[in-house]
C-alpha cells in the first residue's frame, strides 16, 4: 500500500527564532501589524510504500528522528493518509 | 477575536526541487528506501487579531501573497482556527 | 603523522586543507572519499568546510549518514583524533559527537570576514601551542554558525573545560559586537568530554599561507603536530 | 524524409519572434515549410541572444589577436590566454539581466552557474569570480527587494559551488529601476594541452547528455532574454530556471575528470536554448551532423513535447561527444559523482541535425544555417546621434558656483551608495575559499589572486562608469578599459586581455544603436593602445523599461572585465597608506573638469553634461610610469582616482589602517 505523509517541523519554542522575529517585523511594512508571533519551520511531504498504516507510521517517525528533524532544536508532527 | 493560522508553502510541482531531490536520495543511506518523492517547503504559524474569521482569512491571504510566499516559485495553503 | 581529509561531493575546502598539510606543513595526508569505508590507518582525521551534500535540510544533516561517517564515528568514539571545521563542525553536531547545534546566523545572512578568537582552554591537542598568542585572527565563512546548547549542558561543558574558542575583539574583549552570528556565550569552538573530538566554525586553513598575509592558523596546526611528534 | 507535423505559417513565426523575411529564408533553407518544432529551433537559434544578429557586424571590428591568445574570440565558449608556466587562463563575463528582473534570487544564481560552466566546459578549473551589479534608487522597495535577492542568489550559489568572489562593483541609477543589470564573470586555469573544445566529429561517436534532468525551465528563455520588460511583464512570465549549486559542483569535478581521460571529442554546456544550441553549434564547428533521440533525454516532468525538450534551459547540464568504445570510461566517472549520464544519439556525416521522438522524425535541419557565423541572419542597423548629446555640450564648469561648505559636499559623496562601502554586499560572498585571494589582508585597486606553486599572480578588474558612456559612448567606453587597466597597474600587474558584457537598449532604436557603435569604437581604440585584445563576452539588448508606453533604455553599459598578470608576486602593491610620515604623490595632470562626476550629477544636480576629459595617450604614459615605479620597488602603495575623485581615493587608502592625510593645494 502507498501512503503520503505531511510533516511539520518547527523550532523549539525555547529557542530564539530570528527568522520568525524578522518576518513579524516586516508585517508592519506591509500594513499588517495585526499579525504577530510568526514562527517559521519546515513542511515536508513524502510518499512511503508499506504493508499497513502502522508500519508506515513507524517508518516515517524513524525518518523524522534520524534525518528530517534535529531534536535538539526542532519538534515534529505528521499526518498520514492513504494514496 | 484572535485566530491562529497554520500555513504550508511548497515549491511549484513543475519547478526543480534540489532540496527534495537530495533528501530523497539520502533516504537510502538510512535504510528507508521505501520513502520516495520527498518535497521540502516552509511551514509558518502566526497569530492574527481580527473582528471575524472572514477578515482574518483575507488578511492572512494578503500576507501570503505579499510576503510569505514567492508566487513565481511557490504555492500556499492555510488553515485558520480560533484561539 | 598521517592525516586523513574526508571528501564529500559538496566539500570545497578539502583542497585548501590538503594544501596546508601537504605543501606548507610537509605532512602525509590522504583523501577519504565519502563512499569508501577504509580510514587507511590515519592518526588524525579532518572533516573540512564546504557544503557536503549541498547542505539541504540542515547543514551537515545528510553527510552525517554517508558510508565513511559510520567508520569515522566509531574511530572517534574509540578515542581517535577528529577535527570538524565549519561544515565539518555541523556534521559533528548532527552526529552527536560534540554537544550542541549550529543554527542560522542571527542576521539571517551568510557572513565571510576575518574575526578574532580567544583560546579558552590551553591543554587540548589543538590549542596547547597557542600559548604565546591569546587572540588569533582567523576568517569565518558561514550562514549557519550560531552555536546553541541548553543551559545545563553548557554548565557541564564549562566545568569540564570543553570550550575551546570564543569570538572576541582584537584586544581580546568578549562583546556582542565581536560575535558575528549570535552564538551562545560567543562560542566559536568546542570539544567533546574526552577531548579527542574538536569542532570550530572559523577556518584555520585560510590563515596559514604567507602569500595571503595572515598565518595565525598555523598555531592550531602546529599544536596538533607538537604533541604527537614531541 | 519529411518530418511529422503540419507545416507552419509566417504568423506562427511572428509569435516566436521571427520576422517575415526570416521565415522566408527558413523555407528557402529547408526548401519546404518548417513544422512547429523546426520553427522553434530557428526562433531560438536566430534570437538576438544566440545569433548576435544585430551586433556581430560591429563585434568583428574589435581587436582579437595577441601573442598570448590560445583561442580567439568566438572560437570557444570563453577566451583562453597563455599566462606562462605551461598554463592557460579561460575567462568570460555574461549577463542574466532579464531573469533577475523578475525572480532576482534564481535569476542571479543561474547566472553564476552558467558563466562557470562556460569555463569548466573548456577543461579549466574556475578559481575566481567577480560580478557587476546595477540597480535603481536604493531607497525604493523594488530596488531593495531586487538587491537582497540578487546578492543572496549570487552568494548562495557561489559559496556552495566553492569559487571565491574576489571583486566587482555595484552602481545605482534611476535608469536601472525596472531593469537591473547582473553581470557575472568567472576566471579559470587549465594546463596547456588539457583543454576541451566545443566541437563534434567522428561518425558513430556517441552523444551524451550529462547532469540534471530536463524540465520545462525557461522555455523560450533565449527569446525571452531579447523580449521587452514592461510594467506588467510579471503576468506573462514563462517558467523560471532554478539553480542547483550542489549539482554544479558534481558536474565540475566529473567534467574535469572526463576531459583528462582523453576520451572526449568535444563538450559544451547547456546555456540559452539548451539542447538545440549545443547540438547545432558543436556540429557546425566540427562540420558533422547528429541523430538525436529526444525520448532518451532524462526528463524531470512527464509528457514533454519535442520542442520543450529541445528548448528547455534546465540548469547544470552538458552535452558531451565521446570517442566510440570509450563509453565505459565516461560512464564510470559520472557514476562516481552520482550524475545522470545518458546516450541520446550519435554523430553522423550529414552535417544535419535529425531529431527523433519515439521513432518519429520531428525535425531535420542543417547545423550550419542555424549558427552565428553560419546561416544566422546578420543585420546592419542604422544609428543616429541623440538630441541629448548636443544638449550636453552646452554645460560648462563656469555654470557651477563653488559650494561654500566643502565639508558638506564630502559628506554627501562619502555617503552616496555609488561610493560608500559595499561591505553589506561582499561580506555575503565567500571571498576566501580556495585560499588564493591575496587582497583579503592587503586590499589593492584590483583583485589579486595567487597562482599556487608558481611565482605568479593574476590581477582582475571589472569596470564601467555607465554615466560616462551615456555622456559620450566612445570616450566613456575607452575610459572603462583604461580604468580596468589602471586598477591592474596600481596592484602591480599588467593587463593581458579583456572580456565584455555589452548591456544596451533596443537595437532597432537608432539612438540606442548610436550608443552601441560609439562604445565599440572607443573599446577598440583603448584595447589596441593597452594591447589587451577582446577574447569574447556577451551582448544583452533590450535593457529598458516601458512605463505608460514610453520606453527608456538603461544607460549604455559596456562592462569591461580585464585579466592582468603579476609575473612575480614581488610587485604586488596594496592601496593602503602604511605609516604616518610617508609622502603622497599625485601622478598625472589634473584638469579643471567635473563633467559627469558624481558631485555634479547628484550634489549639484546637473544630469546632462559632456564626458570627463580623457587623453588615451597621456593615460597610457601615466600608467607606464607607475608600472616602472612599482617594478623598481620605489613605492609602498598605489590607488586610482575614479568615482568621487581625489578626495575619495585618499580616504580609501587612509581608512584601511585608520590613518589620515595632510594635503596642500595651490590655494
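As written, the chains take the letters A, B, C and D, and residue 1 is the first residue of each chain.
Heads up, the rule we're going with is that contacts are C-beta pairs under 8 Å (C-beta built on N, C-alpha and C of every residue); 3 or more make two chains touch, one makes a residue touch a chain.
The shown structure was predicted, so the numbers you read here are calculated from the model rather than taken from an experiment.
Looking at chain B and chain D, the chains that touch each of them are C.
Two chain pairs, B-C and C-D, are weighed by contacting C-beta pairs, with C-D ahead. Chain A and chain D have Cα centroids lying 41 Å from one another.
The geometric centre of chain C is 37 Å away from that of chain D, both derived from CA atoms. The centroid of the Cα atoms in chain A and the matching centroid in chain B are 9 Å apart.
For chain D, residues touching at least two other chains, in rising order: 244, 246-247, 338. Along chain C, residues 53-54, 56-57, 62, 65 each make contact with two or more other chains. Among all residues of chain A, those that touch two or more other chains are 42, 66-68.
Contact annotation for chain pairs lists A-B, A-C, B-C, B-D, C-D, with touch applied as defined. If you check the complex, the residues on chain B that touch chain A are 6, 8-10, 23-24, 26-27, 30, 32, 34-50, 59-60, 62-63, 66-68.
Across the complex, chain D meets chain C through its residues 152, 155-156, 159-162, 244-247, 249-250, 253, 336-338, 427-435, 437-438, 440-442, 450, 452-453, 569. On the chain C side of its complex with chain A, the touching residues are 57-58, 61-62, 65, 93-94, 100-101, 103-104, 106-108, 148-150, 182. Within the complex formed with chain C, the chain A residues making contact are 14-16, 18-19, 22, 42, 66-68, 70, 72-73. Interface residues of chain B facing chain C in the complex, by the touch rule stated above, are 18-19, 22-23, 26, 29-30, 40.
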